[in-house]
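Every chain is named by a letter (A, B and C) in the order it is written, and numbering of its residues begins at 1.
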Amino acid sequence: MARARLLRAVALSASISLFSGTVESFQKPPDVEAILTHLDDLYRSKSSTSRMEIRVVSRRTTRTLRLKAWSRGEEEVLVVIEEPAREAGTATLRVGDNLWNYLPRIARTIRVPPAMMLGSWMGTDFTNDDLVKESSLHKDFVSRVERRSEDPEGWWLTLEVKPEVVGRWAKIEFLVSDDWLPIEERHFDRKGRLARTMRFDEVKTLGGRRLPARLVLTPTDVEGQSTELRYLEIDFDVPIADDTFSLSRLEQTR
Amino acid sequence: MAWVSSKYAFRSVGRNLRRTALSVLGIGIGCTLALVTESINRGRDELFARMGAYSGAGHLRVVPGGWRLRRDPRLRLADGKRDLEAARSLPGVAAVTVRARAQVLLAMGTHVVPLEMVGVDPENEPRTYRFVQNLEEGRYLAPGESGAAVVGRAVAERLRAELDDDILATAVGKDGDIEAALFRIVGIVATGSEDLDASICQVTLDDLEALTGLPSVAEVAVILEDWQASESTRALLAPRVAPGDEVLTWGEIAPEFQGHMEQDKAASRFIGFLIIVIVLLGVASAQLAAVLERRREFAVLSALGMQAGHMVRLVLQEGLTLGFFGGALGFALGAPLVWHLASAGLDFREYMGSSYSFQGVVLEPILYGDFGIWMIPYVLLIAVGATLAASLYPAWFAARTDPAVALRVAQ
Amino acid sequence: MVAGSTLRIAWRNLWRNRRRTSLAVAAIGLSVALVLAYYSLLRAYADWVLATLTGPMLGHVQVHAPEWRKDRAMDRTIEDVASILDALRRDPEVASATVRVYAPALAALGEEGFAVIVMGVDWEAESRPGRLLAGAPTPRSRGRVLMGRALAEMMGVREGDEIALVGQGADGSLANDLVQVQGLIETPVDFVNRQGIVLEIGEAQTLFAMPDEAHEVVVHARDPDAVELLASKLAGLPNLAGTEVLDWQTLAPEMVSLIEIIEVAGVFALVLIFVAASAGVANTMLMATFERTHEFGMLLALGAAPGCIVRMILAESVALGLTGAALGGTLGLLFVAVTHETGLDFAALTGGGPTELSFAGLSWSMRFYPSLAAGDVGRTILAVLVTSLIASIWPAFRAARLEPARALRD
């Protein structure tokens, strides 16, 4: 599930593996399993550093953050806010099941209690189980090719959740391009209603991989609300100092 | 002369039957009223205790040590099984149930509702938490069922979910990791209070344990047959529970109810007092009037040599006799009334605004009067006490009668 | 004419036996006084319950942004609150108006964060008697907060400690600050004690990036009985266009039923007391009349018409009843007049109820302010009159049918 992987990269972990696979441009229906595996691994790696921009549009205001993130494995992530200046230096560290926030303005580190980890992340439309869950398109869904799309060119896939899987989405409709990059993802809740839509664009080569650098998440029910994530830079599989993911380092991240 | 005076008292009471009848009737009615009032007062106490207990508090609750201050849903009993056994073995128990709680986030699509989910024992829970008895849609949890949830109406609305929909519950597990489970809504509860409705979500105890990884029993709730035995039963239970666990009464769990009750008790006492005073007034004036009319009689007695002390005793004895019969009458009239109050109860719903259709669930406003052995001494005390008190002045007055003056004065 | 002379005779008859009449008047008067006293206390109690339920948190009318009550989202605010408050305070039926901010946040003394609700309030308005912070030590300088006692105990915070607050502003930005705990409070509102950190409203607005905005406007009405009207009237104000204006009954229907139960129970007790008083009056009348059989016999023997006797007896009863009622009424009104302003200490009155009510931790002194409506007095006097009349009918007719000889012998 590209979305889940993507978000983990942002906040908690980014296991990104380079994929330089072949590109199929035929009209014949592609191998769905292969596509899903590709999507699951699109942003994975053993470690990474990245810079990204998050823009949250709400009915009231638009807020843009620029972040720098380090991640290692599935368990360690450090995110530091670079902009806006007012919040620069604010950092979030996750190690395993613990989450800390460092607030430079008051020079304090606070541990987030487990109960508060359940809600929306940083005021965006991403939820914490987006970030935390070990879910996989390939393993959790039964998939098939639905139809061909001409504009944009690609394939619509329908993914239905397997009965024993515990998750919010009963169905996902996925539009992948002919080179197996995600274009649009639609999430349907357990009642079969369209709950949110994710759109991917700005395909670039980052960190040696070709992938969509921009992702926009729009919930269906809330008007005027959307969250946009844009990668500015990514480096995959880089060595990261051990003490990066420590509290003491947290306080020096300015 | 003692026995003479009592014989005289008796006979004089019998002589003027109408006067006696009136006095006895007056005292009787007064006693009936006092009886009914007291029964209602006690019933009101019971109503409050019931309200508090049945809104989940229970009459007694076994909780983990430290819960009283922290109210952390993650706290667990030191030995839930032992506490449950101890509770079941208590005398006078009407129902016992166990619960556990967890802070969860319910989700359907992008809609979320954070609340405290309660794992219950479906068989016993409705007997102790009356809100879940009134299901607006669907049904309650069935014993042994898995994956089912009963939620409040506001929860369903906020999630945009309906009966038979699957909702996701995420909670923080035992080791701090995030756990999730799906539940199907099998029942929807509407209590009439939106806040309450937005906080109700019940699943079976086993399901909650599976979700959180924490052992199931976090509290044992006990409903007693006689709510007034709460304190004494607590004293019985406390030494039998596992060390570290505490036994709380409903007053400690829901102090706001206790506060109201205390306040109401004082108010009721005041009302009872008022009624007694009024009864007293009625009796006193009647007695006094009677004595006044009999001045000649007393004058004659005095002239015949009856001493003041004896006359006082005479009047008092008359008073006592009247009081006794009055009390008996009061009891005879009042007992059936109180019995009716105790069994059928006063249903206040008819007198309350009908626009709140579900208010009957939030508080069942039926007041059951108290019927018990206390009634006999109560009536006697009031009847005799009131008449004695009322007869003091007349007695003194009678004793002071100057025979010459009294005999001279025309009626 | 006849009536006039009958009444005069009746009056003179009454006072011929001064002692008996005085006694009867006193008995009736006291009963009436007690009934009126109870009535006034019932009203006082009802007022008190209302004040208790609506005073601290609920107020009489509340204003919110639409949908705020459902999810309490930070960004659903009421804007231009300064001008809203102005407009509200100018309304003659508004006794007071104030605003609040509710912001879920994390609070930490050390490293451990706790979920709290930061409430931004107007110190002055909320510390008036009967309000949320009545009796609490409100801070005088910036950066000071009050904390719910239960919350402080859970966090291990003491007065004077410095804590960090982290939350989300109304614009989604990160809100964080260090504040000092000025005092620990126990309010009548449980969630404030368990999760509340109370901050000055202006500081809260700045911290959470909501200048001139708030989540809730709380209005207290001059006339607590006309709240629904006030709510609809205020809803029509131009400043409040687009907001949700609700009276407390709509906001908290469960409170309404609580009050109704108390009222019904009170009326029930009143009925009982009424009956007791009536029984007393009746008894007195009956006794008084029957005791005078000899006297009536005499009158009959002297040639008085039976009808005349009946009229006289009835007239006497009316006069007696009225006099007693007048006495009682005066005493009752006196009671109310004396206690209305200063109030009555409930504990002293009932001889030992709670002097302070422990309600979710706060001590409430139980002072009641009795009051009476004209209707109450009228009803009581009418009841006494009717009872006196009815109670004297039987003896009256009996007296009329007396054989003078037998009556004289009695």
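To be clear about the criterion, a contact is a pair of C-beta atoms (placed from the backbone, for glycine too) under 8 Å apart; a residue touches a chain by one contact, two chains touch by 3 or more.
The structure presented is a predicted model; accordingly, all values stated were derived computationally and were not measured.
Which pair, A-C or B-C, has more C-beta contacts?
Here the pair linked by more C-beta pairs in contact is B-C.
Looking at C-alpha means, what's the farthest chain from subunit C?
The most remote chain is A.
Centroid from C-alpha atoms only, then distance subunit A to subunit C, rounded to Å. What do you get?
Distance between chain centres, rounded to whole Å: 59 Å.
Go ahead and note the Å separation of the Cα centroids belonging to subunit B and subunit C.
Once rounded, the distance between the two centres reads 23 Å.
Scan subunit A for residues touching two or more other chains and write them down.
If we look for residues of subunit A contacting two or more partner chains, we find 115.
Subunit C: which residues touch two or more other chains?
Residues: none.
Residues of subunit C touching subunit A in their complex?
75, 106, 108, 111-115, 164, 166, 168, 170-174, 176-178
Quick check: in the complex, which residue numbers of subunit C touch subunit B?
So the residues of subunit C in touch with subunit B come to 17, 19-20, 23-24, 26-27, 30-31, 34-35, 37-38, 41, 45, 69-71, 150, 153-154, 190, 194, 252-254, 256-258, 260-261, 264-265, 268-269, 272-273, 275-277, 279-281, 283-284, 286-288, 290-291, 294-295, 346-347, 349-354, 357-361, 366.
Mind listing the subunit B positions that touch subunit A in their complex?
Residues of subunit B touching subunit A: 103-105, 107-112, 114, 160-162, 165-168, 170-172, 175-178, 180-182.
Would you pull the subunit A residues touching subunit C in the complex into a rising list?
56, 58-61, 63, 84, 86-87, 90, 100-101, 103, 105-106, 108-113, 115-116, 123
Provide the residue numbers of subunit B that touch subunit C in the complex, in ascending order.
Residues 18-19, 22-23, 25-26, 29-30, 33, 36-37, 40, 44, 69-71, 158, 192-194, 196, 255-256, 258-260, 262-263, 265-267, 269-271, 273-275, 277-279, 281-286, 288-290, 292-293, 346, 348, 351-353, 356, 359, 362-363, 365, 367, 411.
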